[in-house]
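Structure first, then comments.
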Amino acid sequence: MGSFKGHALPGSFFLIAGLWWAGKYSLWYATRRNKSLGSTSTRLASRSTQRRLEVIEGSVTLFFSVVGMLAEQFVADGPRLHLYDYSEHHWDRLHNWQHSTMYLFFGLAGAMSLIVHTTTDAAPLALDRLMLAIAFFIEGFLFLYHLHGRAMLDVHVHQLLLFCVFGEAMVSFLEVFHRGNVLLELLRASLTILQGSWFWQIGFVLYSPSGAEWDQKDHNNMMFITMCYCWHLVFSLLMVAALYCTISCVVRSRLKRTPPMEMGLLKPREREQESEDEIL
Amino acid sequence: MGSFKGHALPGSFFLIAGLWWAGKYSLWYATRRNKSLGSTSTRLASRSTQRRLEVIEGSVTLFFSVVGMLAEQFVADGPRLHLYDYSEHHWDRLHNWQHSTMYLFFGLAGAMSLIVHTTTDAAPLALDRLMLAIAFFIEGFLFLYHLHGRAMLDVHVHQLLLFCVFGEAMVSFLEVFHRGNVLLELLRASLTILQGSWFWQIGFVLYSPSGAEWDQKDHNNMMFITMCYCWHLVFSLLMVAALYCTISCVVRSRLKRTPPMEMGLLKPREREQESEDEIL
Amino acid sequence: MGSFKGHALPGSFFLIAGLWWAGKYSLWYATRRNKSLGSTSTRLASRSTQRRLEVIEGSVTLFFSVVGMLAEQFVADGPRLHLYDYSEHHWDRLHNWQHSTMYLFFGLAGAMSLIVHTTTDAAPLALDRLMLAIAFFIEGFLFLYHLHGRAMLDVHVHQLLLFCVFGEAMVSFLEVFHRGNVLLELLRASLTILQGSWFWQIGFVLYSPSGAEWDQKDHNNMMFITMCYCWHLVFSLLMVAALYCTISCVVRSRLKRTPPMEMGLLKPREREQESEDEIL
Amino acid sequence: MGSFKGHALPGSFFLIAGLWWAGKYSLWYATRRNKSLGSTSTRLASRSTQRRLEVIEGSVTLFFSVVGMLAEQFVADGPRLHLYDYSEHHWDRLHNWQHSTMYLFFGLAGAMSLIVHTTTDAAPLALDRLMLAIAFFIEGFLFLYHLHGRAMLDVHVHQLLLFCVFGEAMVSFLEVFHRGNVLLELLRASLTILQGSWFWQIGFVLYSPSGAEWDQKDHNNMMFITMCYCWHLVFSLLMVAALYCTISCVVRSRLKRTPPMEMGLLKPREREQESEDEIL
């Protein structure tokens, strides 16, 4: 990438993905907990609605992954599917190829999610999380061997990125076994927002649009950046919390208009359902 | 920090937190196991009492975190919310800022615990453990990038600290899935006491109030310090064990005064309950 | 090994093993899900058939491991069971001995699988996965200390190999606790195919049969190889997916000829069975 | 330690402990599986017998740990409880102190096991495994910082030791959650035997009683030693397997003399019990 845009673009994608996930899982959790309250809830949380959302998500992921792969190949200085420059005997624009590979895995994850949720029982349900875990793992894996010979600060900001990327891979893998655990889902959303906003931060630090350059060898800069990463995490946690609260309130206020039947009786039991496997 | 007081203060906080946790979880475990013995137990272990304790704990955590953040900012040589010194073009007292960030996360954990336990069903119960895990992880994460360019012994004593900090993060994360497992709770308490007493030890080693200085490059000192860390662990395990025994005995002796109804019959069943999910 | 053949041979074995596993577990999963559909399925998924397959697999593994050990010892330049050269006071052909050791552990895993599946209740069922996990771990462990003093690219391609070898060890170990989870089984199959095709790739890179040599110190080669590894993973995932789809379709089309009894009724329940413990 | 005896002694202890565990858990597993077969089995597997064995094991562990601590302190060149040599201003025989610390933790584990199994419900049952995990972890932790400034081969043989020590810590910690899983118990026994026999190997390599010295810097020696470690693992696995088979056969042949009642009927159900929580 090596440009401000090249970091802002994937950053925006991850930001949107994280917000989308935070909203989606908050909505499902809220409707699941208030299932007893009326027909609106049942309608919102109905299987067919959920499946439709999942299918849309899968399609959008797949679409943008393909666009990303094509863009990396055919932009002005892209390799245009040439991998090896035979005249000069060296590999051709490996960075673009690496980014294409990352998009490829996210595309696979999207396609797999599409297959799992459009067919009735072709594949095990947890496959979408497993492919997502693999996609995040490969993203981190490629970044890990991406940093040779760069300046200290450059290496450091990308290493910090690895924490949230491998964190997302681990959380997605845990979801294979603990599907429907809202905490893991919201944690994944937070880490995705963190990744997105950190991409923006990398853009500002390494290719500042204002032209100001950071001293890449100053240890104080590294210490500040590390702390800054934590602030991004606070920001992403607060974003997810705000979304969660808004959606919970909206769902509850909508449902209150319908008669609140056995609300009191059901609460204690609902408490324990919070890590139930969500059957789509 | 860089002073004896700067290490003794957080050390005392962690010591108190560890002892508090050891006491709280021992009490709950003892009352849960003796539930059948009489009304006193039921009262002690009642939901509302437990909730009140949790709310107090959350408030105290939040209060001291805010105090800590303010103190780090506005003490004699604090940055007073200035982050960048424009006149000399360098970051301003990053250490204070880093400590503020650590307090911030513990404050978030306290606030989240408060929200979870004051509202009935606004948020999933396990959220308090997840935020605690994140707070400990961030503490360790900031310490990890905190040690550049220090002397060998200085680095070593802080690295040893990381073992218990990351250990606490891991145990708290496990508690998200195994809530109410008394072993994990007491292990967390032990590690917190270890952290607290180790902060005191660091103060004595690096900024000895008696003025005696340690040779920072002597390998024998490092070997002694490593062993000393194990002794602190023994000490913290014994503290937790002593607290646990005292509380168990007190609870049992109090309950014995009420008629010991079906005690014999219930024992085998109670045995198996020890890792039950505690429903607050 | 140090030759093209020496890498192509184990590569072919792992490729075949991976494809075999992908096929076997897909077949079992498909028959398990369609159990209700008719007698053909019941016959295919019957315990005795499954046991026979497992016994054959164990025997073949054991046979080829023994052949591999003998081959490593008695090929033209093998050590012929001499471990120490007393005349020149050095160890004799340690590489061959190390490969023999690897084969030995796979042989043990095969023998253990044979024992577990031929006797009725001599040993706990999960023992075959535990031994497989140990065999893969030892393979990775020996490779880890195998790389001293080699060129950069040589070390790198073998390090990449470690990712899938230790991945297989971890997945096998998880299967001890989550036996019959089809996702773990297919993931293991994918990683085995990846290992097999990567052995071939190593052969082509280090001992190219066309005679072309790679620059072992060019960093671009390393970046390409890393990316290439991801493509091998894509390839292996697609192979497993293709096998899975083919087998699912064949099983379903065969079963459709028998009357589709209570298909509609059973679907929702079957959904949840996907991570059930498979009782052989 | 620094002597042949100093490695052979703990090695023998671990060998015996490993064999004892392999025997104990094999016996319990065999009796549990054949519970239906007659009264002999019931007697062997009765709670009181099991508890008695556990109490004996705890006492022996405690006794030898105390003896070990005293021996380390009061042998010919021990520190006799002096920690700091004030005349020469250096720490006094830190190695002996470190070994005392290791023994201390094993002593704690033994004492805890004693408390858990002598009292009826004073402490949660899984505490004995947790303390064992901590004892092994501390052993590995102290070895980790034990190796500064030694020769390459010396460091390497001790690093290999860490694999099995941390492995045992991990397995014991897993047993906190999967108590009674015979595979974990036998794996722990195997790793303990491995540790014991590897201590002997270290004695022979570093302080050969025959006087032959190994070249500490020869890379071939390191490769041989790594492979040798795998052979020790094979040896320990075979030992455990042999013990397991002998005990299973003896138990079954003894029980066969009593009428084999509903054997056929109960088999399928027993199959699934193999990872049941063993209620002492």
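Order as written gives the chain letters A, B, C and D; numbering starts at 1 within each chain.
The criterion applied here is as follows: contacts are C-beta pairs under 8 Å (C-beta built on N, C-alpha and C of every residue); 3 or more make two chains touch, one makes a residue touch a chain.
Chains and their UniProt names: A, B, C, D = Transmembrane protein 45B.
In this text, all values refer to a predicted model and were calculated from it rather than measured experimentally.
Both copies, chain C (Transmembrane protein 45B) and chain D (Transmembrane protein 45B), contribute mostly unmatched positions to the interface they share, with under half of the numbers common to the two. Farthest chain from chain A (Transmembrane protein 45B), judged by C-alpha centroids: D. Least-squares overlay of CA atoms from chain A (Transmembrane protein 45B) onto chain C (Transmembrane protein 45B) yields a rotation of 90° to the nearest 5.
Chain A (Transmembrane protein 45B) and chain B (Transmembrane protein 45B), compared by their mean Cα positions, are separated by 31 Å. Not a single residue position of chain B (Transmembrane protein 45B) touches two or more of the other chains.
Taken as a contact graph, the chains are arranged in a single closed ring, with each chain touching exactly two others.
Applying the touch criterion to all chain pairs gives A-B, A-C, B-D, C-D.
Contacts from chain B (Transmembrane protein 45B) toward chain D (Transmembrane protein 45B) in the complex involve residues 29, 33, 163, 178, 182-183, 187, 219-224, 226-227, 230-231, 233-234, 237, 244-245, 248, 267-268, 270-272, 274-275. Against chain C (Transmembrane protein 45B), the residues of chain A (Transmembrane protein 45B) that register as touching in their complex are 90-91, 94, 97-98, 101, 104-105, 108, 120-127, 130, 134, 138, 141-142, 145-146, 148-149, 176-177, 277, 279.
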